[in-house]
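Pasting the structures in now, so scroll down.
The following pair of complexes shares a single chain, subunit A, combined with subunit B in the former and subunit C in the latter.
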Partner chain A sequence: MTTSAAPLPAARGTDQRDDEQLSSTGSDPTASRRSATLSGGAAPWLFLTPYLVLFLAFVVGPAIYGFWISLHDYDYTLPGKPFVGLDNYQKLFSSDSVTFEPFWMSMKATGIFMLFSVPLLLVIPLLVALVMNSRFRGRNLFRAIYFAPYVLGVAVVAVLWRFLLDANIGLVNQLLGGLGLPDDTAWLTATPAAWVALVGVTVWWTLGFNAVIYLAGLQDIPAELYEAARVDGANRSQSFRHVTLPGLRPVLAFVTMVTIIASANMFGQSYLMTRGAPGIETKTAIYYIADTGLKSFQMGDAAAMSYLLTVVLMLLSVAVFWLFRERKA
Partner chain B sequence: MATQTAPAAAATPAQPPPSPPRRAARSAAARYVALVALGLLFVSPLLFMFVTSFKSRIEAAAVPPTWIPKDPTLQAYDSILNASGTPVLRWFVNSMIAATSHSILVVCTAALAAYPLARMSFRGKNVVFGLIVATLFVPPVILIIPNYLIVGELKWLDTLAAVVVPTAASAFGVFFLRQFFLTLPLELEEAARLDGANTWQIFRRVVLPLSKPALVTLAVLAFLTNWNDFLWPVYVLFSPEAQTLPAGLSTLQSANNVRYDLLMAGAVIASVPVLILYVVSQRFIIEGVSRSGLKG
Partner chain C sequence: MSEHMATNGFSRRRFIELGFGGAAATALAACGGGKSAQDAATGNKSTAAFNGKYDGPAVTLSYWNGFTGGDGPFMKQLVNEFQQENPKITVKSNTVEWAQYYQRVPAAVTAGKGPDVGAMHLDQLATNAARKVIVPVDDVAKSLGLSESDFTPEVWQAGIYKGARYGIPLDVHSLGMYYNKDQFQKAGITEAPKDAASYEDALGKLKSANNNEPFWMPSKWPAHLMFLSLLWQFEGAPYAEDGSKATFDSDAGVQALTWMADVVKKGYSPKNVAQDSQYVAFKNSKLSVTWDGIWQINDLKASKLPFALAPVPVIGTTNAVWANSHNFYITKQATGDDNKLQASKVFIDWMSKKSAEWAGAGMVPARKSVRESAQVQETTQAPIAAEIAQMKFLPPVPGLGDVQAQTLEIAVADAILGKQAPAAALSSAASKATKLMEANQKKFGA
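== the complex of A and B ==
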């Protein structure tokens, strides 16, 4: 249940290499010989049981249960929860239902946010990582500083920036005024300024996270490849295109996936900084779903919405995998 | 001043285009300037948060803002720590208990599950592991509604169990530790077996002690994740005494709309433990995160 804008580390991580390893455990003779040295009846299941209990009760079970809920007119506060088939889904696509407009507004809000935050969070951290990808004094210190906001969590970051972005007394407007720029921007109550604020704060918060992953990926590219490119007469931009980018491909795919899922889950920034304002323009999909299900207790509607959002995100993931697939030379 | 400038100016015309070492020095300097500028962008907001928390109500809202409090005061801390609607100290204790128990639960269950997945062969192993890996790609939004109902059935709503247990089935944790166990030399486990150790003893006395760095990394990441979790606690904890710090900050914000002195004091209280943890275990946190991109 990753709920903040960056998926928490506990929800992260896989890449192709692991998939290969996964599929090869059965067929690779050395792997099976290794594992076979420690096999034995009930032992593996005894080890697995505590985890599997949690996993089935709070991950697999709910994923299925949620679909069942979405097929009912599930008002938490009422005794009867009649089966309604796909009605809850149909409502999301018929413009005369009550949920139609706010739901698609919230999907649009999530879409606008992702449109700007994902590219920025892919490019800026890469630039930072490239600048940091060589030996120099203080490198670990800079890395630690850029990563620090991530450690603080979304609540602290959002409360802090709501203060800094306050239209009247905020530091940001005063600095802008000092530079002779407009000093009365309503960062938290009017679009498009609110989008700039939400995206900017998110970039500030998670830049270090992506940069650290990129940096590890860059350091994994063998120096001999750069050396070979140099011998072949490649200039810096050529060696970036033909050595760095291909070498970074799995890491890029991973960072893209993680950033998309994180941005799609944007909640805390909007909840604490803009409260969805103006109107519900910056109320994101997950925010609207949580409010519908857990505040208005229309759980059937909310479950249907979360399934629809999940399908959209899964399609997006497939597209990303396809985009980053290993191309045959 | 003048004496220093003159020779430099005289030397300029004779100077050929920058030689390679010179250019390198210049680009190193440019890099430092860029990194320091970026660093300021990260440090100064945090610094301003700390500074503001020690200001009086009036100074916190002053225009132009001050970087050094004219009259440093603990007023803000005093008033939020004593307000009955926002028991910040209680939130702090709640967060500590929740994050610590969550972290222990994650490390224990993930380590136990990862070991057979790394070292034993059994029917259904690939199915189990495949299922766990697959959940890494399932957007968490899908679990919010059903988990609320499940937590409600368990009578956990408005209690810390609601924020400790449901999120503890960490697919990342199993994945991360399995990866680590696979890198351990098998000979040690074989030697222990020849000495008559059973599977549990091997796990407990050989594998776990060798895995300390990975276990610490996972423990710290799980602690941070839980400490900072926001959406879930906001919706499953309602009474003021039950909140964790991030959820409480949101309550504090609604109760004191533009009392930025109070809000910054609350933010500082929520940050200090994780910042200390970060300074102490920075190596583990950053290692853990960077490895998530390479090996899972």
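== the complex of A and C ==
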């Protein structure tokens, strides 16, 4: 559903490599003849076929099927799946339906989570990447340590932190108490502490990934630019603003997009750490959709909710693209 | 692509972990499995007279259950014994955690790749019967010569949906009161408290003797089971028997939930007890009493904690406790093949008779004859077994478990966390539950 957005910046990186390969094979006489005969209509499509087949089978197909499901009162275990038109969508907008309140609460939960996790996941990894990019002893160890949590699965991370953050028997509160700070914060059962916990754990867990992407971006910025800036008399913060940031722009767009989508998909952390507590305040949209579709078997409702979430995410993606668009000076 | 990279492997992992059901579900739905449901449901023809033996050709039975805890090894043992006695029947076990079991079984059966026979909770029978996943087993009960008098009326009646029986009870398991014997001794309490007054008295003594918060009130599991027990004790009922509405916001419900919230207010429990922490803390001797399922016996034994198990005290006006039961079922999948059907019946019959061994798993055998055997009388759960007449089960209403998770459980948690007053929490949850139940009635055609 969100694939339309992200590949673009990534493609930018691979384009060049493809060009090189093409030009190198171009010098081969047989290859050039073949490309001459096919370059008309079929060739590009033939090259695209492997991906296109997968894309149609696993993205476009299910997306259309999902939309069809969203127009039905769909429970696959029951023989009757009556067509209900846009009822499933309408229910999400009429306040007297049973799905209205929990759905919008879950959208709000996802929104709150994104609001705090996205900025943190954009800034902190950048700082980490800047440090990792400078030369010092033990740099590789430092890089490994920051990346390490990322290789853990959500189940490991969430269960680990659930015990550490437990209000009454957790290590975190015990340590805070030892330092003379309040030791009765309900990290898992009360907001806003639960949001601090969920966002904090997510940042700890995933910052390594963003940092590595940033790092790759930083290493791509030619050293000559920094040199030139120095010659022009730029200080460190000026060269950061006028060389590093513009150089990172494509990477930044990619990281922003990926982080927004990852945050919008937040599920495992609240599923395992808080179980949506208190009440359903930390039950995110994906969590609620999964419950509705896979536990209550109300797949029509769940599909409608997914589509609505998709639309919201698409609008967000457009906004981000607009924000990072190539500006003509 | 972005999704894969983005969510740190968690979206992918989710797929493996829980998503299996979902992925399978969508795939199955695509195969249009729905229609066959009705054909199979009517296909429960009673075949040749049943004599407890299987003499057809060699057959393989797919047997699904959710015994992943301390009960697992006992079920494995039983299946092995069965295999040895019935060489013609090969039983292929598949053990899935209960939490995912009820998502996977309907999906797998719809695809024809599920169990032929299995065990499920009593309160799930109606839901799966309405979804035509499982078929009536009246003739099995009849041929096994089982009737209400072999069990208790409550557990026997709760297996009936729309006039047909869908499960053969293996065991019953209720909530019980676990206490730390050392801490009781220190507080000078010689006998497990049995009513509200003696319970509160005991909590007071425990608190001062052990300098702790003796009874942690959970906000998640098993809080709703404690609430249901107390609601029944105050002579209320959570739902109308016919599944038309929720009634847990009655005075009885408010009394029950108020009592629970007061445990926190009176300082017998810390605030904000999160998922599982009351149990973990009990295992580590940080508290003296906790109410939990009797299936935890083996886990507690393994922890070497000096504990004992007693019935839940009578806080309300009558003795009652929440209970559930593991029931054997046959799926519509088995009905297509007479040999499988016959073998399934032999399997259920054999298991039902051997349920005394199952008591080792911490459960109370459902069959009266077995329950009263010496083997069961010597178990830790014997005092609970004696209380079987007081055990209450949820009415057989399809989709009820799901309704409960969205309403009652949230209300109980809100009141215990002090977010809402008990009466307010219950009344808004109950009106929502009634709406959901009405929708379910329409959906399942009650």
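In this section, the second predicted complex is superposed on the first by the 270 of 329 C-alpha atoms of A that agree within 3 Å, B and C clash if a C-alpha of one lies under 4 Å from a C-alpha of the other, contacts with A are read in each partner's own complex, and residues count from 1 in each chain.
Assume a contact is a pair of C-beta atoms (placed from the backbone, for glycine too) under 8 Å apart; a residue touches a chain by one contact, two chains touch by 3 or more.
Values in this document were obtained by computation on a predicted structure and should not be read as measured data.
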| item | value |
| --- | --- |
| First, second, both or neither for A:A290, with subunit B first and subunit C second | both |
| Touching partner for A:S94 - first (subunit B), second (subunit C), both, neither | neither |
| Contacts of A:A190 with subunit B and subunit C, given as first, second, both or neither | second |
| Which of subunit B and subunit C A:M299 touches, first, second, both or neither | both |
| More subunit A residues in contact [subunit B versus subunit C] | B |
| Which superposed partner A:Q238 touches (first subunit B, second subunit C, both, neither) | neither |
| Which superposed partner A:L313 touches (first subunit B, second subunit C, both, neither) | first |
| Partner chain in contact with A:A277 - subunit B first, subunit C second, else both or neither | second |
| Touching partner for A:W161 - first (subunit B), second (subunit C), both, neither | first |
| Residues of subunit A that lie at the interface with subunit B and also at the interface with subunit C | 2-3, 7, 10, 62, 65, 69, 76, 153-155, 162-163, 166, 168-169, 209, 257, 261, 265, 267-268, 290, 293-295, 299 |
| Residues of subunit A that touch subunit B when the two form their complex | 1-4, 7-15, 17-19, 22, 25-26, 32, 34-40, 43-45, 47-48, 50-52, 54-55, 57-63, 65-66, 69, 76, 128, 131-132, 136, 138, 142-149, 151-156, 159-164, 166, 168-169, 171, 174, 204, 208-209, 212-217, 220, 251, 254-255, 257, 261, 264-265, 267-268, 271-272, 285-286, 289-290, 293-295, 299, 302-303, 306-307, 309-310, 313-314, 317 |
| Interfacial residue positions of subunit C with respect to subunit A in the complex | 1-3, 5-11, 13-14, 17-18, 21-22, 25-26, 28-30, 33-35, 37-38, 102-103, 106-107, 110, 131-133, 216, 219-220, 270-275, 277, 280-281, 284, 286, 399, 402, 405-406, 410, 413-414, 417, 419, 432, 435-436, 439, 443-444 |
| Complex contacts: residues of subunit A adjacent to subunit C | 2-3, 5-7, 10, 62, 65, 69, 73-81, 98, 102, 150, 153-155, 162-163, 166-169, 184, 186, 188-190, 205-206, 209, 257-259, 261-262, 265, 267-268, 274-275, 277-280, 290, 293-297, 299 |
| Complex contacts: residues of subunit B adjacent to subunit A | 28, 31-32, 34-35, 38-39, 41-43, 45-46, 48-49, 52, 61-65, 105-106, 108-110, 112-113, 115-117, 119-122, 125-126, 128-133, 135-150, 165-176, 179, 186, 189-190, 193, 199, 202-203, 221-222, 224-225, 227-232, 234-235, 245-247, 249-250, 253, 258, 260, 263-264, 266-267, 270-271, 274-275, 277-278, 282, 285-286, 288-296 |
